[in-house]
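Here's the structure we're looking at; comments come further down.
Note that the chains take the letters A, B, C, D, E and F in the order they are written out, and that residue 1 is the start of every chain.
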Amino acid sequence: MVTGALETHGDHLPLGTDIINPAYLAEKVARKTKALMLPPIPFGDSWSFDVFKGTVSLRPETLLMVYRDVMTAVLRQGITFIVALNGHGPNAAILQQAAQAATEGSAGAIIIVNWWLDVAKEARAKVLQTPEGHAAEDETSEVLAVRPDLVDLTAARKARVRTEFRIVSASRREALLPRGMYGEPETATAEKGKTIMQAAEDELVRLVQQLENGKLPIAD
Amino acid sequence: MVTGALETHGDHLPLGTDIINPAYLAEKVARKTKALMLPPIPFGDSWSFDVFKGTVSLRPETLLMVYRDVMTAVLRQGITFIVALNGHGPNAAILQQAAQAATEGSAGAIIIVNWWLDVAKEARAKVLQTPEGHAAEDETSEVLAVRPDLVDLTAARKARVRTEFRIVSASRREALLPRGMYGEPETATAEKGKTIMQAAEDELVRLVQQLENGKLPIAD
Amino acid sequence: MVTGALETHGDHLPLGTDIINPAYLAEKVARKTKALMLPPIPFGDSWSFDVFKGTVSLRPETLLMVYRDVMTAVLRQGITFIVALNGHGPNAAILQQAAQAATEGSAGAIIIVNWWLDVAKEARAKVLQTPEGHAAEDETSEVLAVRPDLVDLTAARKARVRTEFRIVSASRREALLPRGMYGEPETATAEKGKTIMQAAEDELVRLVQQLENGKLPIAD
Amino acid sequence: MVTGALETHGDHLPLGTDIINPAYLAEKVARKTKALMLPPIPFGDSWSFDVFKGTVSLRPETLLMVYRDVMTAVLRQGITFIVALNGHGPNAAILQQAAQAATEGSAGAIIIVNWWLDVAKEARAKVLQTPEGHAAEDETSEVLAVRPDLVDLTAARKARVRTEFRIVSASRREALLPRGMYGEPETATAEKGKTIMQAAEDELVRLVQQLENGKLPIAD
Amino acid sequence: MVTGALETHGDHLPLGTDIINPAYLAEKVARKTKALMLPPIPFGDSWSFDVFKGTVSLRPETLLMVYRDVMTAVLRQGITFIVALNGHGPNAAILQQAAQAATEGSAGAIIIVNWWLDVAKEARAKVLQTPEGHAAEDETSEVLAVRPDLVDLTAARKARVRTEFRIVSASRREALLPRGMYGEPETATAEKGKTIMQAAEDELVRLVQQLENGKLPIAD
Amino acid sequence: MVTGALETHGDHLPLGTDIINPAYLAEKVARKTKALMLPPIPFGDSWSFDVFKGTVSLRPETLLMVYRDVMTAVLRQGITFIVALNGHGPNAAILQQAAQAATEGSAGAIIIVNWWLDVAKEARAKVLQTPEGHAAEDETSEVLAVRPDLVDLTAARKARVRTEFRIVSASRREALLPRGMYGEPETATAEKGKTIMQAAEDELVRLVQQLENGKLPIAD
């Protein structure tokens, strides 16, 4: 199960950045394991970006129903473990909520992997020079590695509005995320992206193989 | 906007048949026109098939919210005409319901094209020897034309339970659609499929070009 | 279970046309069989007409809940077969959706009969001179047969906007269905209506008697 | 707008008691005034009775949507005052909730008349010998006046379980309302019913005429 | 379970009047019995007042979900009887609706006590000089007894618009409830309030002790 | 606006831990500033704990409606800034979702403060000896500072199941959070709690004063 978003990623990255990366990983992992891969769900909760051109956002209540229906259908088929490989921040809590309802009364377990947070941590620490963000050095490098044809590095310019607390305000979306950006993409390279993607792939393969052996990722 | 389903199509066709075909057409059409293409929505209302292996179905109320959110987001971007290229029967009414709500208070129009019904009619009449159905001669020919690697013609066997009226009964789904089939796929050929797809593509290009000229498909 | 709508039918037919006809049939059939008849549900999804005077429309999501609650209640009483005798187009898919949910986990079956499509086909072919429609020759003849006091034939005038594809557009409803009409009512007669209604009644009696014998309308 | 229920009324009254009476009144009143009458909504929230045979209940959330859609549609047509003539207790609060949402942002007003409580008070006090209830002396008399063919007085037997507080308990519905009854129907007569119905009709005509003069029923 | 509202109560009573009183009673009763007390739910359906300053209202559909979730959670813990001690009129029907759904399939029972109606009736009859209302003599006396620091008796002035029928109209809320008032608070005293609260407390203790003995408040 | 939960916190902390702490802070802050304080919402999304005794959880969809209704009501009163002081993890994303919808079309902004994460960071780093958790050293110290009467330190015992990824599984809730615990509470002291609470209070006062001056917490 792959979840992402269709939303503005500055002027230099494709709208589909948040689904291109995890879908790429999922395909790689599925090929190396016996896992079945569901078709990726291309839309997510992109409220913060839907004042920007090209963003198509689902409301959280819509997304909750989609994830729940999909998880329920899969668990009903007798599959016990679902890995939700997520590529977009606001989807994470909705995946959790959906998984709560979907596993109710079943023996199934759903493992939520926010791929940009939960895997390739060391690789990221090693190669990245600036903090992670939205259309920042990390995402730009990753798309450069996976779909370089969709990147226009000449348009990549830094933008980062720092807040002390989380501010939610419909009328201030452009002000808080200028040009649909949060980060410093200029230093991105395909090389960095490849390092991250490879590490992510390796760690995910390990997770899935562990699940195929009936073992959840619980530390002893 | 491309809508389909992930559901059993007999033993010889891929689960994604209903999305593979319209997605193929949409890509062709988008390339020949200036139309923007949204990422296909891979799941549909497949209730009739969700007792069969591999089907992942969204409830109608879920699908209604998804279509409505997507249409609303697109219309809000200033786009006036949306073609909903649909590949799956039960989605059609839900697209209509979503379009009703999404165009309320806007100048937009949504054109729903049930591609297996509304285009390539003459081509179908010419090449098909048996009635259309689900995983029948028509769909099998089409996938043979588009993704032959996903078809196992040796497994294609006829099944068709005829009813005088529409019967809806959860406990009779296997009885009404044996092996997730409705039709006679044995006579399918890639050639027939190509003829249908080409005609469909041509007619859709004409529709989109007409819309690009600001004209709705209203007969004079 | 009888479902219809309260909506504009040109200047010559009553708002209740879509419920008057099936309710008339249901009463006739109930009297000739042992079937129980539920009180008709007078409102339907009349979005396309609710810019016209007198239309009272329920949203699809409302109608879905109504049909589902009614079906669920009836099935819970131990009744196995429900015939949904429907008089209004957009209700059909919603009846299907409701029946999917209502029969889940039960042994019941719901037979959806769109009476203007599924019965009296031969009778219609024989007597009608113009294509069927909304407030067209067919419906006008039928109400002339059943409730002539509610028809004003002098106000019946042709209107029919032809479209190549289904167009849904809130701001174009008057343009697409001028005067809430689609068809040519001038040639309607009570005689034609009687022929249709009698054939419909006969076929429905046959269906209900078959169900009373525990047999679903499945062809051998 | 007429609202009622389809639910058990002891062994002597028809299921439709709660809609038969207000629909009768509404027709009378509509004939004597210029008011338009909507088709009655035959189902209500009959949860307390839906363990009894013949009851078809809508869930409160369904009913809320139905009432809201109907009220909204009517107010949108430019009608300012709607009288909701209600024949069933649990509907009352739902009508209020629907009216809150439907009048939001409009100049309209909805007058809710629980006819068994709000009109014919004096007439009731004069003719009734036992307290009002469900299928009790009052309702039995009223149906005897309006539809005597649907009453079986020989089956009318008293039942009344008194509680100090409102108890809601799915598993105790039969215990709290034995035989779907609450009251003493044996002393009912058509004469009493006629007196009540006539008074109710007169008071409702007065209300509607007052509204037709643009005046709400506010005491000076 | 204690339910109330946060809404305007004239110029002399606190917004929390409808929750302060029942919460005070619940604490008293819980201390004298073995009953567990849930934290009070401070918001209610205050639509009629939400044009007045300080009112925070939940929509009926929201409140229904809250009550249902809370009741379901408590019943699932193995608790059989829940007393819903309600301090606000429009909440009553919603509590009933929630209790219907929550007790479905369980052995539990929910007793709804609208404390201003169902207890201390005799005490009220004895001490009150004017009819009960909203921020009227009764409520003002009660808050004077419980939280005198929150009352400004100098601001208490009579207001009461009488209607013959229930009128629901968003644009007439200020007209129907001037200054968020309905009643005559001038004659309120702490003494009257104490008498009412003491009687209410005694009767509620009796109810809860009866429930602790496994007996519902059903008259013999 | 204060949000929390009613859920198991090991054997040594009160069910209301997640609401007691932020409510304490909110009262302190309200007294030192001109901010208005809403009554705390005592229930949250406690799905992970609702197999443990005493937990009363609201579903995410319920909570979303509650937060949205409250935020909408407050913004409609002309208040521009709302601080949502949250004491419970899973509420955070729901507050965000609610704030998205509530600020749509308004000039308002909602600042979400997850108090255990966003304030008193330095104080926590200074005094805590073990990682933060659920009923761990941090929360135990805080309740010892605020409501020592509700803590039973003798029952405090360590429990912490570590997972590599987020696992959601209804049937594994006890296994993943043994005794409703996650952390090492034995080293908790009131002194540590006081240091944290004081720092939190100071930082929140600063935030609110900044907002009272019309300035959002955006770094320059």
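Convention: contacts are C-beta pairs under 8 Å (C-beta built on N, C-alpha and C of every residue); 3 or more make two chains touch, one makes a residue touch a chain.
Computed from a prediction, not measured in an experiment: that's the story for all the values here.
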Chains touching both chain C and chain E, listed by label: D
Neighbouring chains shared between chain A and chain E, ordered by label: F
Reference chain C; chain at largest CA-centroid distance: F
Selected pair, greater C-beta contact count between A-B and B-C: B-C
Equivalent-chain rotation between chain D and chain C, CA atoms, steps of 5 degrees: 180
Centroid spacing, where centroids are CA-atom means, of chain B and chain F in whole angstrom: 48
For chain E, residues contacting two or more additional chains: 59, 61
Interfacial residue positions of chain C with respect to chain B in the complex: 45, 47-48, 59-61, 64, 90, 92-94, 96-97, 99-101, 103-113, 118, 161-172, 176, 207, 216-219
Complex contacts: residues of chain F adjacent to chain E: 6, 16, 19, 38-43, 50, 53-59, 61-62, 65-66, 69-70, 73-74, 76-77
